[in-house]
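There are structures below to look over.
Here come two complexes built around subunit A, the first alongside subunit B, the second alongside subunit C.
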Partner chain A sequence: MKCKRCGKTPAAVDLPSHHAAFCPDCFFVFFRRQVEDGIRRFSLLAPDDRVLVCVSGGKDSLVLWDVLMELGYRTEGLYIDLGIRGYSDRSKEKVIAYAAGRGKEPIVVDLRAEGAPIPEAARISRKEECAVCGTVKRYFFNRIAAQRAFTVVATGHNLDDEAARLLGNLLHWDGDHLARQHPLLPETSDGLVRKVKPLWRLSELETASYGFLKGIDFVTEECPMSVDATSLVYKEALSLIEDAMPGTRSKFYSGFLRFRNVPEFIAKSGEDDRPAGTCGVCGAPSYTETCGYCRLKEKIRKAMEQR
Partner chain B sequence: MIRVRIPQKNKEIEVRGPRRVLDILADAGVRPTTVIVTRGKDLLTKDQRVEDGETIDILSVVSGG
Partner chain C sequence: MKCKRCGKTPAAVDLPSHHAAFCPDCFFVFFRRQVEDGIRRFSLLAPDDRVLVCVSGGKDSLVLWDVLMELGYRTEGLYIDLGIRGYSDRSKEKVIAYAAGRGKEPIVVDLRAEGAPIPEAARISRKEECAVCGTVKRYFFNRIAAQRAFTVVATGHNLDDEAARLLGNLLHWDGDHLARQHPLLPETSDGLVRKVKPLWRLSELETASYGFLKGIDFVTEECPMSVDATSLVYKEALSLIEDAMPGTRSKFYSGFLRFRNVPEFIAKSGEDDRPAGTCGVCGAPSYTETCGYCRLKEKIRKAMEQR
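Let's look at the complex of A and B:
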């Protein structure tokens, strides 16, 4: 199979969803254009932004950092060490090695030092690991961005992640989450930093192909905590449909973005989603007197005391 | 024989070559849109033919959480 763009070189990536196949060089052009289009569509980033890129050591976040640097954005990487024995250490090594190769040093938050490693936080709070992880990560994304004067936080969520999340939200008719699902969450007057997902147009297959062809050494093992994640069930269901009808996943998510403000319940659900005040303990924006992260830390502290 | 490694599952199989990537994925019970297939530093398209004596890796691209 020849590259459909240059017509000369053998293709390395075939993309039935785009009726296309590309050689490595033409695929890089295609990929960068998809990111640029995704950024432009919703004005995710401006040239003068200081971008905090949240990197896990996996393919999506390292590819995001790579492509944003290549597009000329001012970026720094933030790695949150989740305190998962073995996996976190190996992921951190990948992030540090990647950054060093680009003359950078990531900002590192160590949850063991912060007193909230994910396995213990989940066990003590009796919540799902991925839910606790989400709460803690969002807290530090915002806190580090605010402390160090970043104008925007960027995460490596891709099309598959967003389509799976959309399917889950629709299956449960979760109006609040549907209202907040978007590649751009604007900053708020009470201290939440803008959050963007510049890879929202690109599939996992495309980010993995880009990372591999660019020689990015990302961690390929899965987080051991995510084995039972519900998002994997939604991804499996969508990939079954995608294999039979290429391009469906993209139409599903982009259609939602086009029509998301139309259904009345979504618009109404989103009305009160801004934190009204600040956390009495740490000062972060919060719906409640004490924010979710500080409540979690307090639970862990009490459990430790009782041991 | 073609050596097919699936490192994330610590699994390895052998299939008789020559064989297309798409057919090897079917042998291994893997859905094509959920993986990339590599041979050394090359990324293989699903229609590519693999010969006896070659080694390929099947890498899952699906991340959870």
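Let's look at the complex of A and C:
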């Protein structure tokens, strides 16, 4: 099959949801345009932004960094070492090697050095690994952005991630989370940085193909903590539907973004109007005297002492 | 495993979504209560109603008729012979045999005699079989109810049916269909009878178990026209999620019924405020001079003549 865009070179990527198939070069054009359209639709990024790109070593985040650099944005990469034996070390290597190839050096936060590695944090706080990991990561996204004057934090969530999350939120009619689900979370007056998901229009197949064809060397293993994640079940269910009806996933998420403008769609509880103070320990924005991250860290410290 | 209700008899039905397992007698009690709760929640039926139960010969509709009789409602069964070779004949036999066992005789509408058997109607109108079948059935539900003074039409849609339909409507953000999805569709001023789905709280596993344990002889084959139905894909996707997280399907549909009370949730387009007139051919309520069913029938008649 020939590429449907140039009509010359054999197609390398088949995209039933777009009724298209592209050769590598035309696929890169298609991919960049999709990212640009996604950015433009919700004004995710401005040319003078300083973008902190959160990179895990997996395909989505490295592809995000890659394409944002190609589009000419000013970016730096942030790698958070979760302290997961083996997996974290292999991921960090990939991030450092990728950055070096572009003449960059990632900012690295080491959760072991910070006293909050995820496996211990989850065990001691008796919470799900993915939940604790989310809390800790968000904390450092904001902290590093504030310390180093980044104007925006970008994460590599793709269409499959967002559609799966939407399905989960709808299955549970979770008004709070539905209210917060969007490619753009604006900065808040109390100091939380703007957060954006520029890959929201790109499927996992598309980000993987881009990474592969660009020769980006990413970690292919899944995080060992996420094997039981419910999001994987939602992804599997949506894949089943996508296979039978290509394009459904994309219509589902785009349709939601139009539908959610209806103000009453979203339970008001999504908004927290209390003015936030600052954490007495670390100075981060916080609704409580000590922020969630500092309380978690203190809990871990005490548990370690008692050993 | 013993029955979780009586603690004596061995359990015959295991229901992970209810954290329960029942012996046959206790399951019947559970099942009837679920139906009664479902009826009460939305005032689907009143004691003085004359209920037209639409029976296809499958498990759900025969179980519905059975349990409504047990609960003391005044019911008659309506069987619509769709004119599908083999399948329709076998279904009709089951309905007649079931009714005879209860000293009843179903009302039968024969679509071949009416000039609108589904396979020909779908082919000639170039529409999907399931869509045409829905139009034709709704027409006769209303017509028979009006002719014979029934106050309400009851169909056997179960929780799996409704959850799958909801998922489909959400995947496409179909405001019209979301607005009309409810166990109760009230009667309209222009002559459409009230329609209810008393089994909306019961899963397919539960209706099948009830039918089996009650010794109801139903058609087990699926309608041959429905093999490609998209609803089957949605059902499969939800089953995958239900297996991993029992109870999700029920919370999904119940949550929707609470959420949909938010008036702006539903696109206003769901409501058609034009006053309906009556069909010039058959006298049924209709927004057009000739109703959809009569136009379909005329199309089939002409196509047959031209042969």
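In this section, the second predicted complex is superposed on the first by the 301 of 307 C-alpha atoms of A that agree within 3 Å, B and C clash if a C-alpha of one lies under 4 Å from a C-alpha of the other, contacts with A are read in each partner's own complex, and residues count from 1 in each chain.
The criterion applied here is as follows: a contact is a pair of C-beta atoms (placed from the backbone, for glycine too) under 8 Å apart; a residue touches a chain by one contact, two chains touch by 3 or more.
Model, not experiment: these values are computed from the prediction.
Chemist: Which partner does A:Leu240 contact after superposing on A: first (subunit B), second (subunit C), both, neither?
Modeler: A:Leu240: touches subunit B and subunit C.
Chemist: State whether subunit B or subunit C is in contact with more residues of subunit A in the superposed arrangement.
Modeler: Subunit A has more residues touched by B than by the other partner.
Chemist: State whether A:Met1 touches subunit B only (first), subunit C only (second), both chains, or neither.
Modeler: first
Chemist: For A:Ala149, select first, second, both or neither according to whether it touches subunit B, subunit C, the two together, or no partner.
Modeler: neither
Chemist: If we overlay the two complexes on their shared chain A, which of subunit B and subunit C does A:Asp14 touch? Say first, second, both or neither.
Modeler: first
Chemist: Which residues form the common part of the subunit A surface touched by subunit B and by subunit C?
Modeler: Common to the two interfaces on subunit A: residues 240.
Chemist: Over in the complex, which subunit C residues touch subunit A? Could you list them?
Modeler: Subunit C reaches subunit A through residues 170-173, 175, 230, 233-234, 236-238, 240-241, 244-245, 248, 251-252, 255-256, 258-259, 262-265.
Chemist: Using the touch definition up top, name the residues of subunit A that touch subunit B in the complex.
Modeler: Going through subunit A, the ones touching subunit B are 1, 11-14, 21, 24, 58-60, 130, 133, 160-161, 203-205, 207-209, 212-213, 220-223, 225-227, 229, 231-232, 235, 239-240, 242-243, 246.
Chemist: Mind pulling up the subunit B residues that touch subunit A in the complex?
Modeler: 7-8, 31-36, 38, 42-48, 59-65
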